[in-house]
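Please read the structure below before turning to the comments.
Note that the chains are named A, B, C, D, E and F in the order they appear, and that numbering of residues resets to 1 at the start of each chain.
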Amino acid sequence: MLLHLSTWQEVESYLQTSQGIIIPIGSTEQHGPTGLIGTDAICAEAIAKGVGAETQALVAPTINVGMALHHTAFPGTISLRPSTMILVIRDYITCLAKAGFSKFYFINGHGGNIATLKAAFSEIYAYLDDLQIPHANQVQCQTANWFMCSSVYKLAKELYGEHEGSHATPSEVALTQYVYPEAIKQGFLSPEVGKGHRIYGAADFRQHYPDGRMGSNPALATPEHGQQFYDLAVKELSQGYLEFITVA
Amino acid sequence: MLLHLSTWQEVESYLQTSQGIIIPIGSTEQHGPTGLIGTDAICAEAIAKGVGAETQALVAPTINVGMALHHTAFPGTISLRPSTMILVIRDYITCLAKAGFSKFYFINGHGGNIATLKAAFSEIYAYLDDLQIPHANQVQCQTANWFMCSSVYKLAKELYGEHEGSHATPSEVALTQYVYPEAIKQGFLSPEVGKGHRIYGAADFRQHYPDGRMGSNPALATPEHGQQFYDLAVKELSQGYLEFITVA
Amino acid sequence: MLLHLSTWQEVESYLQTSQGIIIPIGSTEQHGPTGLIGTDAICAEAIAKGVGAETQALVAPTINVGMALHHTAFPGTISLRPSTMILVIRDYITCLAKAGFSKFYFINGHGGNIATLKAAFSEIYAYLDDLQIPHANQVQCQTANWFMCSSVYKLAKELYGEHEGSHATPSEVALTQYVYPEAIKQGFLSPEVGKGHRIYGAADFRQHYPDGRMGSNPALATPEHGQQFYDLAVKELSQGYLEFITVA
Amino acid sequence: MLLHLSTWQEVESYLQTSQGIIIPIGSTEQHGPTGLIGTDAICAEAIAKGVGAETQALVAPTINVGMALHHTAFPGTISLRPSTMILVIRDYITCLAKAGFSKFYFINGHGGNIATLKAAFSEIYAYLDDLQIPHANQVQCQTANWFMCSSVYKLAKELYGEHEGSHATPSEVALTQYVYPEAIKQGFLSPEVGKGHRIYGAADFRQHYPDGRMGSNPALATPEHGQQFYDLAVKELSQGYLEFITVA
Amino acid sequence: MLLHLSTWQEVESYLQTSQGIIIPIGSTEQHGPTGLIGTDAICAEAIAKGVGAETQALVAPTINVGMALHHTAFPGTISLRPSTMILVIRDYITCLAKAGFSKFYFINGHGGNIATLKAAFSEIYAYLDDLQIPHANQVQCQTANWFMCSSVYKLAKELYGEHEGSHATPSEVALTQYVYPEAIKQGFLSPEVGKGHRIYGAADFRQHYPDGRMGSNPALATPEHGQQFYDLAVKELSQGYLEFITVA
Amino acid sequence: MLLHLSTWQEVESYLQTSQGIIIPIGSTEQHGPTGLIGTDAICAEAIAKGVGAETQALVAPTINVGMALHHTAFPGTISLRPSTMILVIRDYITCLAKAGFSKFYFINGHGGNIATLKAAFSEIYAYLDDLQIPHANQVQCQTANWFMCSSVYKLAKELYGEHEGSHATPSEVALTQYVYPEAIKQGFLSPEVGKGHRIYGAADFRQHYPDGRMGSNPALATPEHGQQFYDLAVKELSQGYLEFITVA
């Protein structure tokens, strides 16, 4: 059940049986010479819809832009500052918590979001505690990173070994190829690829990762792989969601 | 050209011939008993893609959640606070302006966003003036409200007269029916509908507009109407965009 | 009844019969070669006092500085950022709402304030909803722009036609001449005047409107006109205020 | 020279010979049963105009509302939060510093503003250092409290002894009587008056100072005293201003 | 009783008999050629521990970094902005007030903190008033500056006369010598020392006070003097604390 | 070399050979019935001093209070909100970066700080990029968690196995016993201990972890163990620091 294709009365009915909601969150950032700028949002959204279908959960509109400041030296990247993102997440959860939701399951497509999401959740629990919302203390948020699902990770290692890398990976590229076969890109991928550098500011990042990839060879990706990743992630995260909403 | 389906190198090429970008912005808010919660985002996104195709412009991912605080007494509504939204818009434009964009054309699907967008633009011009971005003083932002296109307005009056109303209107519902025919809703629409009250806080809004509509009869909407609105809006806003990027 | 000339005990008495208050808001910004920098504040304050006298309403001290960032390339202009102005309005209303006021009528002298005021009101309704103030949900704010009164607009058209323009207008200059006849300025007004350009940042504004006027010829203003505008605005806004405080 | 009664071209001329500006700042807060809510703003404004006339200095519009949170349990009081006031002062000074002003002389009518003004100045020096304003490092701000002028203090002691108290004092009430003789209030003043309690929150303040006075007997005030205070303050602060703008 | 060396159960017990807590606050800033950068924190912490021992009060960890922006042109200085410091103090007090503390006694080692602390307290009383904390209105904060104790001031005048100065004073240097005899510094102290200039921004400060001292001769300090200052301050502030927690 | 025991001239000299600085950061939070509230700050500070001595690095004063909102249902806990902590870290780094430091090594004693520190670093890189600080793009921040050193982790597993738990662990308690043998606490430790629950808000945390421990048995700690942990951590982090400042 997709929130943006529902009416408020359907949401009202939904709340009578569930207080859970899935919020896909991605990023709008460079993904190397052949990866889509929307990769992280596309993956998160596709998997979130799959999980929603599997579990009858309500799925919110995708947060397309996340915390990608270190990618901003590449044109096309858009990023929230962490302090802005904390406020955005606060506003989402405050609105939904006032309406009766209490279990927020963020299906995340971008490693760079994890820290800020965690910080945001801490901020929000304290914020809600100060308001007059009934049951504010029952609000629970969880981040579920599809790319860190054990089944996904295992398959990526099998298919790509060390060529999986850590950004613009063949696994995420494969998933976007499965979702948008019409947008499969050809492009030159140097056999030399930056790897092993820590992440600091945007200029530093581009210097060490000149084409945007981090140790990856996305040329190995295929749409068929993408479907496999999709199926594994949907299965594992569906289970994760059901456990999340069940535990007190 | 859709930003999320592009690579950063394609964006780099694009910037050599254009510094314009279209940013669709909608809202996630109740639209009466039969309107989709995503109506404003759906309309903005569809039209923005159409304008992008018509004008070769780059189209950013849709800002799905806008300023809809007055609708938050209806479940399913998600809103940013104006102060948050100003920061979000600031972050978007700062990233893109540093990359070289200077003409920001917001195709907007929600009346409630207009004031905050305008405030955000003022804030941003001053903010950019303080930074070390070259050509910061050339940044220009414009809001283009599809529902206020003269051709759209004229057709809505012809088709629906006073039943167009001002929220959950048949014209916007028609457009979503055209985009998502699989999500056309049936639902009871009382012949009595709130109208003429000013908008204050969320509780006050729901009291005066108990089913969420503002003077509208969305039962008049058809997908065919939706296509007409779509065509008119794309045509008028394509012209608007081209003028915007041309004028110094 | 002027707040700054009252005692707190007089305010306490006032609150027993009315919860309405008038807050004049202007701007401190260039008004062309012959217009006063305080024009918008002077007009708003004069009319607010007139309305207060007519309706027995309490009138707060004038907010002299508003949102005029686009005028800041002209010396003497002072502007709040929109995000600051939202906090200022929040602080005003929070104090007054805690004391028992619930109807806030902003008599506004500056077009550039309108969007930020609207954004501020939305922010404030949500903010108050989170506090422990009794009757927070009854707080209502309204902006009343004296220069958009239909009677004022009609007279301006009659007297000045297209020479009214949209900034440093003869109508507002006339009103300041009526209030401060000792400060009528003589100055060179080029027959060529900028007009028709959209408003972006401060440097861009000054480039297109080099002497600060927007399509206006303030040389047509007279103190007698000013009195006419004053009388019309006071009459129309007095009625507006009384309606505002009457409707639930 | 009053900023609000000047044109931007007059300000431009002024800046060729002086970079100093006087900013009156008061408060909108209860001043006991017979003191005006606008007392602090009235006094600051009147004296600032006097100093401006004496020294040819430009005088900005009065900041009517300051930091008076501890008075907010009395109706009619309006206060900025310190964090808001810091932003307001920052916005004022940023605008004026960009235009070329560098010496900001705040003539202050309210003890409660002093700490926040001082904090604001520190914040602003650091803020300006980060911007691209020429000569940002030459910006200097000073608070001049009229009621702490040695000549004023001495006269108050002579006239009222311990009945001067520290809030709603006869000296400030006298000054408002001189400025607004038509607004001299009669009211019951209990011979018992709160005194000697430290200032904490608003509820605590009202409990210890039930009628708003702090150890004062404003019944001793006369308009003639007011004129004496006015003359002394204008003289002393004129000298203070001239020294301020002279020293590097 | 030191908070950082206690368990939460010991704090729980403490709260049954006292709601007071001592919070030492210093600064990390240059103190001239021979003064320690930690001088203000060292003094505040040592005295706070002494007062805690004398009065059985709980002593929180020292806030090492305060408001020292005007010293930031000297390397090694770290400062919070006033707006940040207000939030820090707010967070401390909110946590502790929710746990049951209501009397906050800040033993302060730095004059530059005084204004921001005062502003913070005002902000916090209003903030707490908006939350759902029981007894929020009983929260009281007080700043106790050890260097302004009358006994300390008297001794400093006796020992050093005008050589006490106002920053990097022999009295504070002496106290650090008493606490850290192993860190007594030798260094060249020019007989010429800046004095009498007002404090503005960091660059301006360093220009007028080139070695960081303000009119002081810290070469006069001895550890024995330090012990005397310590004893006087502990005695006077112990009395101050006991009075503070006793008065309603 | 400890910053608080240095003079600004010593820091000036230091900067000629190194731009690195160590900043210890801990927390002030409950650590079960026998753990000290200052545990995380004590451990971070002790190890940071050891690393500083080993590597000749400058060590800043300890940030005693971190992000511990989930512990705030236990009295004595003090926490910054993540948004506040981001500002605090921003202020520290801005001051130090302006002075010439570029390598910031945070030795961290608290798992709850990790996410917010990471978010803060991202925020700061972008912030510095906007300022006029030379070499802003060379600023690099790193978090080094002593408890996650592989040598420490290995020893903890050897000594305590699963009784190490994840909060109020015997390893960190041991380290505080080594540093403060005079503050070793005796207290009842129930054999039943909460474990395996995710962390949400403060009330939820206390419900699942009623005495504050998370799966640990701190009764196993000894001061001798503490010394072993200390030695291992200092060795491993000294190496980490030297690598950090060496790599470009």
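Quick note on the criterion: a contact is a pair of C-beta atoms (placed from the backbone, for glycine too) under 8 Å apart; a residue touches a chain by one contact, two chains touch by 3 or more.
On a predicted model such as this, the values are computed, not experimentally measured, just so you know.
Colleague: Using the contact definition stated above, find the chains touching both subunit C and subunit D.
Modeller: Shared contacts of subunit C and subunit D: B, E.
Colleague: Just to be sure I understand: going only through chains that touch, what's the smallest number of steps from subunit A to subunit E?
Modeller: Graph distance in the chain contact network comes out at 1.
Colleague: Between subunit D and subunit E, two touching copies, which fits better, same or different residues at the interface, with half of the numbers shared as the threshold?
Modeller: Same; most numbers are used by both subunit D and subunit E.
Colleague: From the mean C-alpha coordinate of subunit C to that of subunit E, what's the distance rounded to whole Å?
Modeller: 46
Colleague: If you average the CA atoms of subunit B and of subunit C, how far apart do the two points sit, in angstrom?
Modeller: Comparing mean C-alpha positions, subunit C is 29 Å from subunit B.
Colleague: Where the CA atoms of subunit A average out and where those of subunit B average out, how many Å apart are those spots?
Modeller: For subunit A versus subunit B, the centre distance works out to 24 Å.
Colleague: Quick check: what residues of subunit B touch more than one other chain, meaning two or more?
Modeller: Expected reply: 72, 81, 83, 130, 132.
Colleague: Between the chains shown, work out who touches whom and classify the graph as line, ring, star, complete or other.
Modeller: Contact map by chain: other.
Colleague: According to the definition of touch, which chains form touching pairs?
Modeller: Touching chain pairs, listed by label, come out as A-B, A-C, A-E, A-F, B-C, B-D, B-F, C-D, C-E, D-E, D-F, E-F.
Colleague: Quick check: in the complex, which residue numbers of subunit C touch subunit D?
Modeller: The contact residues of subunit C facing subunit D are 2-12, 15, 28, 30-38, 41-42, 60-65, 72, 74-81, 83-84, 87-88, 90-92, 95-96, 98-100, 180, 183, 185, 187, 212.
Colleague: Give every residue of subunit C touching subunit B within the complex, in rising order.
Modeller: Spelled out, the residues of subunit C in touch with subunit B are 67, 69-70, 72, 81-83, 86, 112, 114-116, 118-123, 125-126, 128-129, 137-142, 198, 200-204.
Colleague: Which stretch or stretches of subunit E touch subunit C in the complex?
Modeller: Contact set of subunit E toward subunit C: 130, 132.
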